[in-house]
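Next come two complexes, and both contain chain A; in the first it sits with chain B, in the second with chain C.
Up next, the complex of A and B:
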């Protein structure tokens, strides 16, 4: 059985449906991420796992036990909050020791375990300081130490990196991933940052307005997004989504035509008329004799890569390239699309599946 | 916070802006206090020759106070009254109520707060009358209820005078402490207690380890204020007139008796000056305690 399981869980706050009939399961040892924009219900989902909220409908299981109505303290999970929730009047040592102190663990054992965890997280030199006296990154480690010392069934992390500055965030991200590999404990992680989700997770659940749009490995989510929401949310820059028309074996984009016989043949259902075409910026190549013609709108060099926004009629297409190019706004350039990577979405935004090869 | 005022405005401007309030404080607080000290060194009376021509008698009045057994009686009752009605009653009950309503539904909290504040917005004299009506020996509500339940009627104001005024003042003043503590509790980030929930911390330890240390400074502020207010409160006079046989004669009532019933304004002023000193000492003790309580 799955380690953490949501069975048709709905959570309503008065009139607002925060989580709408959500089901998923997390395997033991997984790094499972709930990803979505603010207000999508990801934090509520995490709080439902912790027991800080009780579902309006549905069931929650942890380690094979129905915990739907079991108070948070008896679920044996450890949570790290966005603001870390370290107690300002306690030293780092007291903060880390606190979960054991309240369990009335023997003082010697507490001392051993605090020192062991602190050593591992490289915060042993801070033990006598107060939370206000250490940096944000250090506070985060203290919060993690306080979670780890509880040896829980799962770690629940609520946007733990969002209070750190950009540089520290990348560092902390690698640190978290390494920590998860070392401990092997199940992690449920909440973030609105798709890069974080991609970098850390074994699997990602993309959420939007209380619903799960897609669950899958980072690669699945990236390569075959279930709908235009997921496609537009993942990737930096995200996938290009263009309004096109399918006419026979051709795609009509604005007033240009593109022959795509293989693509149309592979589709599981016949498509005719208006659809949305998705293509990732790195799957568009700039070529002198490209099949599509467009006008360069903006060029954004980012050091290693360049993002070029191209105008095709009334629509914009982003191109990601690693080659140095001598182009400037106003230039007319040719574009080639990697046919294999083109995705089509129907009028509801759902991806039209292709036959497996 | 420290020093920020210096950056924002110049020293001169700062003093200039403080001036109006300093003038008001000087006129209505500092000057009367000094005047009371001066009057306390005279034998001024309310009527007669000494009302027109008071004489300077030095520290005579003060020497007399410390030999006056009624002063010690009033001091003792006042301290008991402050401890019972302010510290245990108002602060204790206020804390209990605010913790009970904390993290509960808004409706429940608003309801309890509304009920408690009702006690606070009713005019003093009306409240006193309500309590007389409640505790009266023959016609009081409480005795009627007791009688109906088969108990003996109790002459509250006669048999339990201090308890009566303590209950009265607790009822009267709890709203302030409760509101202050409720507001203080709101300053604690919810995640502090949620983290504790997840760690399986018992309610008592949550209160002791997390809530209390985080609202300590508010508690000291509350205690300073209600102690001083209760020390100076006069309204129990409306219930018991200081009796029976001086059993509820608080310091302000004792001052009133001397200054306005016995017409000894000079002596009354001297007692007032002593009470002022006691208040000052209490305030300093609290400030010292809260200063030490704050984190280094």
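Up next, the complex of A and C:
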């Protein structure tokens, strides 16, 4: 049986449905990420695991036990809050020791474990300080220490990096990943940052307005998004989504035609008429004699890469390139699309499956 | 080193001082009187020290009612503080943390009634109620009546204060394995202690100085708190004994000032949350 399991869980607040009939399971030792925009129900899902919310319908299982109505303290999970929730009236030492103190662990053992954990997270020099006297990055480590010391069934992390500045965030991200590899404890991680999700997770669940849109490994989510929402949410810049029309073996984009016989033949169901075409910016190449013609709208050099926004009729297409290019807004350029990577979505936004090769 | 030269006063500033000095004197005079008259050998309603003496205090300490009144005031004030603080904390916690139907209306009604129906207006009904409950001429009646009057504002202030304490501390403590009681005593009370102290102090000062409620509800002179006992200090021919009254007033005022100074020194009235007092 899965380590953490949601069985048709719904959570309603008065009239608002925060989590809508959600089912998923997390395997032991996995780094599982709930990803979605704010208000999509990912934090509520995490709070349902922690026991801070009780589902309106459905069941929650942790470590093979039905914990649906068990209070948070008895679930043996450790949570790191977005604002860390370090108790301001306690020293760092007392904060880290707190979960053991309230469980009446022997004082000597507490002392040993606090020192061990603090040493590992390199916060041992801060033990006698108060949370308000240490930096944001240090606070985050203290919050992690308070979670680690419990040897819990799972770590629940609620946007733990969002309060750090950009540089520290990247550093803390690698640190988190390393920590997970070292401890091997199951992690359920909540974030709205797709890059964080991609970098850290074993699997990602993409959520939108209380529903899970797709669950999969970062690669699956990136390469074959289940629908336009996932496609548009993942990637920086995200996938280009263009309104096109399929006419026979050809794609009509604005007033340009593109021959795509292989693509149309591989589709599992026949498509005719209006669809959404998805292609990632790095799968579009700029070529002098490209199949599509467009006008350069904006050029954004980012150092290693350049993002070029191209206007095709009334639609915009972003191109990601690593080559130095002498292009400026207003230029007319040719584009080639990597046919293998083109995805099609039907009128409801669901991806139209292709036959496996 | 360059000395800062004193800038001459502008006309506006001079006018300002001319207006301010009499106002200051007007408000300062009673306080000066309170600190000077008790030590005066010939106390009067004007501020004059004459020959310094402690005889006024000696006479207060020889007066049985005056000393009993100290005990009575303490019983009433401490009783009210304990009742109001505990009840207000529990009520404010629920009002702050739990959303339920009619919560905001309840809060408005609380504040409305506490500010509209008070003091003199409620005198007769309060007396009747205490009479029916058999609480006339008992400290308990005074404590309950004053608590009733002070609770709404206290609940309101504390609710605001608790709103400013993030609920995540309590949630974190719950997930960390605490029982609800541990959350209360280890997390919530330490975090809200400053708000609780403000309420306790407000209540103490109010209960200590209240005249009307004990005046209506108490009959026996041996149960009088200081605020009423002070009215018994007349000479045989009905002239107020200003020496004793002033000495007693000073003794009456000091605990409040001392309490305030201690708390100010220890807490400096800065808070973890947003509320400042």
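The rule is simple: the second predicted complex is superposed on the first by the 357 of 357 C-alpha atoms of A that agree within 3 Å, B and C clash if a C-alpha of one lies under 4 Å from a C-alpha of the other, contacts with A are read in each partner's own complex, and residues count from 1 in each chain.
Following the convention adopted for this analysis, a residue touches a chain if its C-beta (ideal position, glycine included) is under 8 Å from a C-beta of that chain, and two chains touch if they have at least 3 such contacts.
Predicted model, so just to flag it, every value in this text is computed and none were measured.
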**Prompt:** Do chain B and chain C fit side by side on chain A after the overlay, or clash?
**Reply:** clash
**Message:** Quick one: is A:130 in contact with chain B, with chain C, with both, or with neither? Answer first, second, both or neither.
**Reply:** first
**Message:** Quick one: is A:78 in contact with chain B, with chain C, with both, or with neither? Answer first, second, both or neither.
**Reply:** both
**Request:** Could you look at A:11 and tell me whether it touches chain B, chain C, both or neither (first, second, both, neither)?
**Result:** neither
**Message:** Going by the contact rule set out at the top, does A:213 touch chain B (first), chain C (second), both, or neither?
**Reply:** neither
**Asked** Thinking of the overlay built on chain A, is A:192 touched by chain B (first), by chain C (second), by both, or by neither?
**Response** neither
**Request:** Please identify the positions on chain A that touch both chain B and chain C, taking each partner from its own complex.
**Result:** 50-52, 71-75, 77-79, 81, 83, 85, 87-89, 98-99, 102-103, 150, 156
**Complete:** chain C partner, complex, touching residues on chain A are 50-52, 71-79, 81, 83, 85, 87-89, 98-99, 102-103, 146, 150, 156
**Footprint of chain B on chain A - complex, ascending** = 50-52, 71-75, 77-79, 81-83, 85, 87-89, 98-99, 102-103, 130, 150, 156
**Request:** In the complex, go through chain C and note every residue touching chain A.
**Result:** 166, 168-169, 171-179, 182, 186-187, 190-191, 272
**Prompt:** Taking the complex as given, what residues does chain B use to touch chain A?
**Reply:** 189, 191-192, 194-195, 197-202, 205, 209-210, 213-214, 295
